[in-house]
Structures are given as C-alpha cells and as structure tokens.
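What follows is a pair of complexes built around chain A, which joins chain B in one and chain C in the other.
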Partner chain A sequence: MAKYVLKRLLLLIPVLIGVTFFVFTILAVAPYDPVTVILGDGATEEAIEGMREELGLNDPLLVRYVNYIWDLLHGDFGKSYKTRLPVADQILRRFPNTILLATCSMVIAIVLGIPLGILSAKKQYSLLDNVATVGGLVSVSMPNFWLGLLLVILFALKLRWLPSQGMGEDPVAILKSLILPSITLGTGIMASIMRMTRSSVLETMRQDYIGTARAKGISEGRVTVRHMLKNALIPIITISALQFGNLLGGSMLTETVFSWPGVGRYMLDAIKTKDTPAIMGSVILMSVSFSIMNLLADILYAFVDPRIKSQYRSARRKKSFKGEGAAS
Partner chain B sequence: MNETTVGKARSLGADAWYRFKKNRLAVLSLIVLLAMVLVAFSTFVIDWATDSSIYEAKVITQDLRRRLEPPSWEHPFGLDEFGRDMLLRVIWGARYSLFMGMAAVFGATLLGGFLGAISGFYKTADNIIMRLMDILLAVPTILLATAIVAALGTSKINLIIAILISQTPTFARVVRASVLTVKEQEYIEAARAMGASDMRIILRHIIPNSLSPLIVQCTMSVASAILSIASLSFIGLGIQAPMPEWGAMLSNARTYIRDSWHITVIPGAAIMVTILMLNIIGDGLRDALDPRLKN
Partner chain C sequence: MDTILEVKDLVIHYETDDGRVYALNGLDLDLREGETLGLVGETGAGKTTLARGIMGLVPDPPGRIKGGEILYRGTDLLRCSNAEMRHVRGKKIAMIFQDPMTSLNPVTNVGVQIAEAISNHEHLSHRDALVKAREMLEQVGIPAGRAEEYPHQFSGGMKQRVVIAIALACNPDILIADEPTTALDVTIQAQVLDMLRELREKYSMSMLLITHDLGVVAQTCDRVAVIYGGEIVESADVFSLFERHLHPYTQGLLNSIPKLNEDVDRLQPIEGMMPDPTHLPEGCKFCTRCSYATERCRTSHPVMREVASGHSVRCFRYEQEERHEDR
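What follows is the complex of A and B.
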C-alpha cells in the first residue's frame, strides 16, 4: 500500500512541472506588456528598460521559468505587478477562506445527498424517487452563479434573512455569510452524490449477502447502514474527494457572486488588472490542490475497498510464503 | 452494418434509435433542443434578410424610458436594464451558446479523437500524448479555460479555442479507451491479415466501432461548453455587452438585482433549460447505445 501511495506521489511531480510550465508559458506569451501594466503608458524608455531588467523579462523563456520554479519552491510567488506586495502572502491569506467554503459545501452535499440517495434507492420508482431524480437533474444543470443570484434575491433581498456579500467578522457572522454560498456550491454536488448513492445502493441491494442478513433477522435499519451503505460507500467516497478538488479549483464564480474573499475571486481580479504573477500564483495553487485531491481520491479508493487492498496484501503474503518454503 | 443481413436485424444506429424512442423524456428534450437550434439558426437568416436591421433596432437599441419593465402581454419576458425586449435578446443569445458550444466541442472531438486514436493505436505515441493530456486534466476545466482566455485576450475565437483546449483531454481519453478495447477484436486482426493499412484500420474499423461513447461524450460536452461560455461571459472574459449572450446578460443584471428579478431569472433559466435538455438526451443516448441493456 505504501508503495502504491509513493508511486502515485512521484507520478504527480512531472504533472505539476507540466502544469506550471503550461501556465507560465501561456501567460508569458500573452499579448500585453507587463511593464506597461506596472508603469502605465507615459513611462520613459530608460524606466521601461530598467523595469524589464528588474523583472528578468529580457531572459529567455526557459531561464525565466526555471527561476520562477526555483523561487516557487522557496515559497516565493513573486510580487504583484499592481500592489508590489508578495503574491504568496495574498494567496495564503485567502486560501483558508476557499477551503472553508468548500468544506461547508461538501458537508451540505454529503449530509443531504447520501440519505436522499438511500431513500430513492429503497423506494425505487416511488413519488419521492421520481421527485429526487428530476430535482437532481435540474440542479446539476443549473449554472452555479445563477443559483447564487437567485438565492441572493430570495434570502438576502426579499426576506432579508442572510447577508448577500462578503464574509462576516465574528464566528456567528461568518457562519451566516457562509450559508448562501455553501448552498450554491453544494446543490449540484449534492445531486451528483445522490445519484451515485442511489445507483450504488441499488446495486448492493441485489447482492446475496443482503438476503442473508435479512434472513438472520437483522433489523432493516441495521441492514441498510451496516450492509448496504458500507458496501455502497466506495464510489461515493471517490466522487466526494473529486468534487472537493473541483471546489478548491473552480469556485471562482460563486466567490465573485458573493464577494467571498477566496483565491478564485483574487485570480479574477488579477485577470482584470493583467497582474500576471498574481494570476499565475492562484492558478498554480488551485491546480495543485485539485491534483492532490484527485490523487487522494485514487488512494482512498484503493484504501477503502478491501478487494483492492487484499491484492497488495496477498501479493506480499505469497512472497513471504515462498521465502519460507525456500528456507526449509 | 451491412444491408445484406438476414431477418429483422437492425444496424447499431437504427437499434439505438429504436431504444431511444422509448424514452419519452429524452425524445421530448430532443424536440425542444432541435426547436431551440432552429430558432437560433433562424436569427442568422433574419439578420441576413433584413441586413441586421431588426437586430439593431430591437436587440441592441436602448429605450431608457421603459427600462426594467416587468413581463407583460406585449413583452412576455419583460424589458431589460436598457429597455430592450428580453424575449428577443434571449432568442438572439441562443446562437452564441448553442453554435459556439457546438463549434468548440466539434473541434475538441476532432483534436481529442485524433490524439486518442493515435495513442490507443501506437504504443510509443501513447506515453507522450497521454502525459500531455494528464497535464491539461490536472487543471479544473473552467480554470483552464479562464487562464487561456486571460492569456489570449477576449474574443469569440479565443473563447472557442479556450473551451476547445479544455475539452480535448476528455475526448482523447474516451477515444483511447475504446480504441484499446476495439483493437484486440478479431475483425481487426482479420483486416490486418488481409493487408489493410493502419490508416484504413483506424478510419474504417476502429472509429466506427468506438463511436458510441464518443457520441454520449459529445452531448455532455456541449452542455459543459455552454456552461463555460456563460461562465466566462459572466465574469467578463467571454462575449461582451451589448451582444445578448446569456451569461453576459446575467452579469449586467447583477447591478440591478435590487430593482428587478426578471432580468436575472430569465437568462439563467435559458441556460439551465438548454443544459438540462442536453443532459437528458445524453443520459438517454447512453442507455440506448449501451449493448448490455439490449433486450
């Protein structure tokens, strides 16, 4: 198992090098001059040349990339073109907010999605199942940012229950400001978790061991939780980890709608001001967290499924068995 | 897929269509979607016939005295923040979402399909191509598209290119997977024994036999491309005002969200309905094309 994890971690390195190189290159060849972004249009020839030298823009692309990665590995994301502040501080101050929002959305999605999926599966083709299926399809098809705007209209502007913008200061206010964006991001994920739970439970329901468990006289609740859900859980865990990664790297629209101070909104602001180091830093951070979550999904999958785990274990046992045989 | 088969045998296409027809929800969605495509296409015809005069007068020209008027019999979707008819703007906006989404997915299918077929067929190319695709897949789709548009600058072509690139790896993977399965079949060996060239085997045998997952992926990808176009326009990186793109309309509506609900609800509903139809059709196609579900 440790070998598998290590192998996957090592395979992540070339991918991350590729991602950073790709992002670096497309932003480096972008058809605007960073120097004019910093100095404005009226700068003198001398000032422009000095700035180009200072930013290292006169070096070849590959040299600039290697320098950038070298700094990146030392925790230096460069300085923002606009504010001249270190990008790393700015991003790291906002990243916890993105994680907080993603976590809350996931909690909503899982807490509602799994029970709804189980109910749908157990009462297949009932009214509840049909409503849940149609509702799921609709919420998967809804653009997140539109759902966010609708929630703002209803709960913030008409009913005035919750704030529509920003992040509160004290814990209660933070919690209140988290509700609408979390529902916005959680709804679609809830629907996909529900769908996955439904089909997964439907599959395990037909297994022989469910009949055995019932025949033994185990209560229905226990059969559902201990026998059906536990075995149906594997794909649900995988999809949850993948969706969490998606939230870390793709919630900038919702962050914009709710003025949530996260990395995604920081990146979009940076795009508007053509602030290349800030764009690059945020894209790289979001992609790295997305990739790590994808990796975690794979590892979890191998870890939770005893059938996969036993492959590794039995291979080892066979080996040691052989060893003993040779010794005797 | 020959006409010479005996009895009531159907081709894969006819068979899938037969099963697709039984799914009433999917058929209804297909009809709605085709109607939308037809309406969106007719806007081109109207623009061409009237030299864009209707477009200029009704869709672009502002009438500030009647701004934000709620839905009425005269204007069923109401008027927007500049007093323009929302129904006409939604209709004229359909062409951006539908046709640009389709164009991007068409490009991604060709490019991704090509790369996937090659890497499924040739071992040496496989490693290089799939590692490149892994790199693109390591960035969330919408983030990748945003970064590309941010770098290239905003224009319709760049928007299509960005979405095309961000969708390509999915197609490469789907095609590669089915090529790998089809490649091992006996009829490929038979074709090779008869002296068919690699190109002929790929074009005549492998591609037709790996079409099913590709078709399903296309439908789903158009939905995701439409969402990307709307998203990028919403954050100001896609289609720009005053063009009536749905995401751009939502972006403008945000400013007036306190005054009026209909300009927020309607463009978003248009996006949602389009994506919903495509998702239902995609699900229906998947079931119809899955040979395991054959009775």
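What follows is the complex of A and C.
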C-alpha cells in the first residue's frame, strides 16, 4: 500500500510538468504584453525594455520555462507582476479559506446527497424520486454564480439574515458568512452525488447478496446501509473526491460573487490582470489538489472494497515473486 | 409425521410491461417435520418464486401474491407483518440461494456475514455472535481462522458452504435450498449434498430442496413434488415416483436421462418448449407437449388425484384408477 501511494505521488511529477508547460506556453503566446500591464500605458520605451530584461521576457520560451521550473524547484513561485508580492505567500494565505469553504460545501453535499440518493433508489419512480430527479437536474444545470446571486438577494438583501460579502473575523461571523457560499457550491455537487448514489444503489439492490441479507431476517435499514450502500460506495467516493479536488483548486465564480478571500478569486484576479506568475501558481495548486484527491479516492477504495485492497497487495507480491524468479 | 409447512392454493403473478406472468397458479405443497422434500421442475416452472414466496421475499413490484395461504405451524405467513416475518426469516425458515458466487456480500468478511444473522435473532453481542459464527464455519468444514476473509478469497464450493453456514446459523426449522448445487462442479456437488444431508439430520430440520436434477432427488429426498407451469403435477415418496412415474411430464423427465445399461446415441428430450408463462394453456398446462393429450386436456383443467397412498397426480388418464381404488 505504502509503495502504491509513493508510486502515485511520483506520478505527480510528470503531471505537473505537463500542466505547467501547457499553461506556461499558452500564457507566453497569448497576445498581450505583461510589461504594459505592470507599467501602464504611459511608460517610456526604455522603462519597458528594462522591465522586459528584468523579467527575462526577452529569452526564448524554453529558456524561460526551464528558468521558471528551476525557481520552482527552489521553492520560488515568483512574484506577482501586479502587486510585486511573492505568489506562494499569497496563495498559502488564501488557501485555508478555500479549504474551509470547500469542506463546508462537501459536507452539505454529502450529508444531503447520499441519503436523498438512497431514498430515491428505494422508492424508484415515486413522487419523491421524481421530485429529486427534477430538482437534481435543475441544480446541476444551474450556474453557481446565479444561484449565489439569488441567495444573496433573498437572504442578505431582503431578509438581512446573513452577510452577502467577505469573511467575518470571529468564529460566529465566519460561520455566518460561510453559509451562503457553501450552499451555492454544495447544491450542484449534492445533486450529482445524489444521482450517482441513486444509480449505484439501484444496481446493488438487484444483487443476489441483498436476497441473502434479507433472508437472514435483518432489518431493512441494516440491509440498506451495510449491504446496499457499502457496495454502492465506490462511484460515490469517485465523484465526491473529484468534486472536492475541484473545489480545493478554488471556485472562481462563487468566491468572486461572495468576495470570499480564497485562491479562486486570486486566480480570477490574476487572469484579469494577466499576471503570469500568479496564474501559474494557482494552476499548480489546482492540479496538485485535484491529483491528491484522486489518489485519496483510490486509497479509500481499498478500505471500502477488500478486492481492490488485495489488488494493490498482489501487485506488490507479483513483483517480489518476479524478483525471486530472476534471482534463482 | 406432522406437517410443518403447508402451502395452499398459492397464486403469484408478476405484472410486467410485456403482460402478466403466471408464475404460480394455485400451488399446493406440504412439508412434513424432519423430511426432505424435493421440488423438481425445469427453468421457469416457478420453483424460485415458490421459495421466495415462502420467505416473503417476492420482489414487489413486479411480483404480486394474488391468493392462497402459507401455513407455518398453523400461522399464515402471508398475513404476517413485515416485523413478524423478520423473526421467521433466518430464525424459523432459512434459505440457500442458487449461485454462491453472487450470494455473498463481497465487501464484508464472511465471519461478520454469519454473525449478522446470529446477533439479529439470538440477541447476542457482536463478539459472542462472531465466536458462534466461527463455530458455524467449522461445522461446514471451513477452518474458523478464515472468518476474517472475504468472499473473493473462497472458491465456489467454499462460498456455498459459507452460505449454508449463514442459513443454519440460527438453527432454523425449515431450510429451503434453491438449487444449491447447480452452480458447482460435480465433485463439489456431491460434497455439498452430503454435508446438507448430514447437517439436516444433526439439526433435525425439514428441508425443501429445489432442483432440476433427478439424480440429486434420488440421493437426497424422502418425497418428491414435480412442478410444471406453476402447479404441482405429481407428488409421491421418492421410491414410488421412481418406480411408477405417472404424469406424462414426469415420464418425460425420467426418460430424458440416459440409462447406464442401454446403449443410447441420442438423448430423448421432452418435445417442445415450456409454454410462455404470460399465455399458459387453458386446460392442462402440459397439454401442448403431451403425446396423450386429448381435446378434454386442452379445455378443462385436471385436479390432483390420489392414485395410491401418498401418490397424487394431476392427469385425466388416471381418473379410472382413482375410482377403481374407491371401490
């Protein structure tokens, strides 16, 4: 298992090289000049040229990329063109806020999505199932920011129950300001978790072992949780982990609508000002968190399904077996 | 011997998009204390529906129990509430399913799967139930040390042993075995059947053994009931049936087995196919395939007649015999 995890972590390296190279190239060939962004339109020719030289923009693309990676390997993510502040500090300062928001959204999505999915599956084609299906489709198709705006209008402007902007200072205020963005982000994810739970449970419901379980005379609740849900978990874990990975990279629109000081908003600002180092930093964070969540899902599979666990194990065994064969 | 389970005029239909499937049409059956009753019939005859009906596990929808009674020691199981049925299932009547490869939960270890039944019915703590589960595993010939293993670590025959251990964990009165050996290869079949026989005696259970294999019946059963088109067409003790098979369907079944003492090039199947269960014939269900069928067979439905002590058959050909005996 540990070996498997290590292997997967090592696989992160080529993924990151690919992602950074791709984004770096796109930013480099994009038709804008970061120098004019930094200095403004009124800058003199010499100032522009000096700045270009200082930023290394006159070097060829590959050289610039290698330099960037070299700095990266030394822990230097560069300085923002716009604010001249170190990107790594800026992102790390915002990341906890994004983690908080992502976690709250996921909790809402999972706590509501899984039970609703089970109920819809168990009462397939009932009124509840139909309402959940339509509701789920609406929530998935609805743009996040639009739902966010509606919530702000209702709960912040009309009812004045909750703040519409920013993140409070003390725990109660933070909690209050978390509610609306978490619901905004959680709704769509809840709907997809619900749909996935429904179809996965529907599949396991028809398995023979459910009959065996019922024939033991155990309660329907136990049959549902211990036998149906436990077997239906794999796709639910997959989708939850992917969504969580997505959220951890920062949700640009929702964080912007609620002025949430997270990495999503930082990235959107960076894109707006064409701030290459800041964009690169955000992209790296995004792909790392996404990959790690993927890995986490794969590890969780092993805890849920002993067959997968034994696969991870047997991969190791096979190797050691081969090794013995070669030695003898 | 007292009757422990009596099925009276049981009618179960499945309402599907393609029409109504007449799975059981007035099925009568009685199982006596301590005996093994073989229920023989081909695929689609309604064997599994009967088993599920007795367990109260007919999937609804599409399954509908239209009428009849299932009396367990005089109590009609069809009138029991869900909670009452939960005390019957596993504790009084247990069931073994057809395919051991799929009837165990793949993500729970086998010890827990057995213990679950025990702690549910015998109000034992989880730990005590696990201890008893290990004993059950030993009973079915699996080392107790394998209790923490998962179904994928067992072979098919071993899995069926685990399924049997689950079924017998609470010492039920009745064991319904739905083709317990169909999915196993022949050597394992014999082992599992022997074990079932031994355990049935040891626990003094009654057993309803559902099968399409007459060899299994001859080896294991005290009495036999032959099911066709959702009703019993012949029932007798195992010796009378093999000696004197009366119903044309039973005759066909026995004739289709190749005999060791004759040199046969071709097997003798029963001609034709099982009738479409959404459109069963009006009269005798077997009339479409029966070489003795008359006009009367096609229009009116024969009843079960006792032609000799304990030997009943559903066929017009034996009306005379019954009268003869009456006189």
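Definition applied: the second predicted complex is superposed on the first by the 290 of 328 C-alpha atoms of A that agree within 3 Å, B and C clash if a C-alpha of one lies under 4 Å from a C-alpha of the other, contacts with A are read in each partner's own complex, and residues count from 1 in each chain.
Here, a contact is a pair of C-beta atoms (placed from the backbone, for glycine too) under 8 Å apart; a residue touches a chain by one contact, two chains touch by 3 or more.
A quick note: this is a predicted structure, and the numbers were derived from the prediction, not measured.
Of the two partner chains, chain C is the only one touched by A:226; chain B is not. When the two complexes are overlaid on their common chain A, residue A:195 makes contact with neither chain B nor chain C. When both complexes are overlaid on chain A, the residue A:94 reaches neither chain B nor chain C. In the superposed model, A:268 lies in contact with chain B only, and not with chain C.
Chain A has more of its residues touched by B than by the other of chain B and chain C.
In the superposed pair of complexes, A:304 makes contact with chain C only, with no contact to chain B.
Those residues of chain A whose C-beta lies close enough to touch chain C in the complex are 207-209, 211-220, 222, 226-227, 230-231, 304-307, 310.
Those residues of chain A whose C-beta lies close enough to touch chain B in the complex are 14-16, 18-19, 22-23, 26-27, 29-32, 137-138, 140-143, 145-146, 149-150, 152-153, 157, 245-246, 249-250, 252-253, 256-257, 267-268, 271-272, 279, 283, 286-287, 290-291, 294.
Across the interface of their complex, chain A is touched by residues 131-132, 134-136, 138-143, 146-148, 150-153, 223, 227, 230-231, 234-237, 247, 250, 253-254, 257-258, 261, 264-265, 268, 271-272, 275-276, 279-280 of chain B. Across the interface of their complex, chain A is touched by residues 52, 55, 57, 82, 85-91, 94-95, 97-99, 102-109, 113, 116-117, 120-121, 150, 152-153, 163, 166-167 of chain C.
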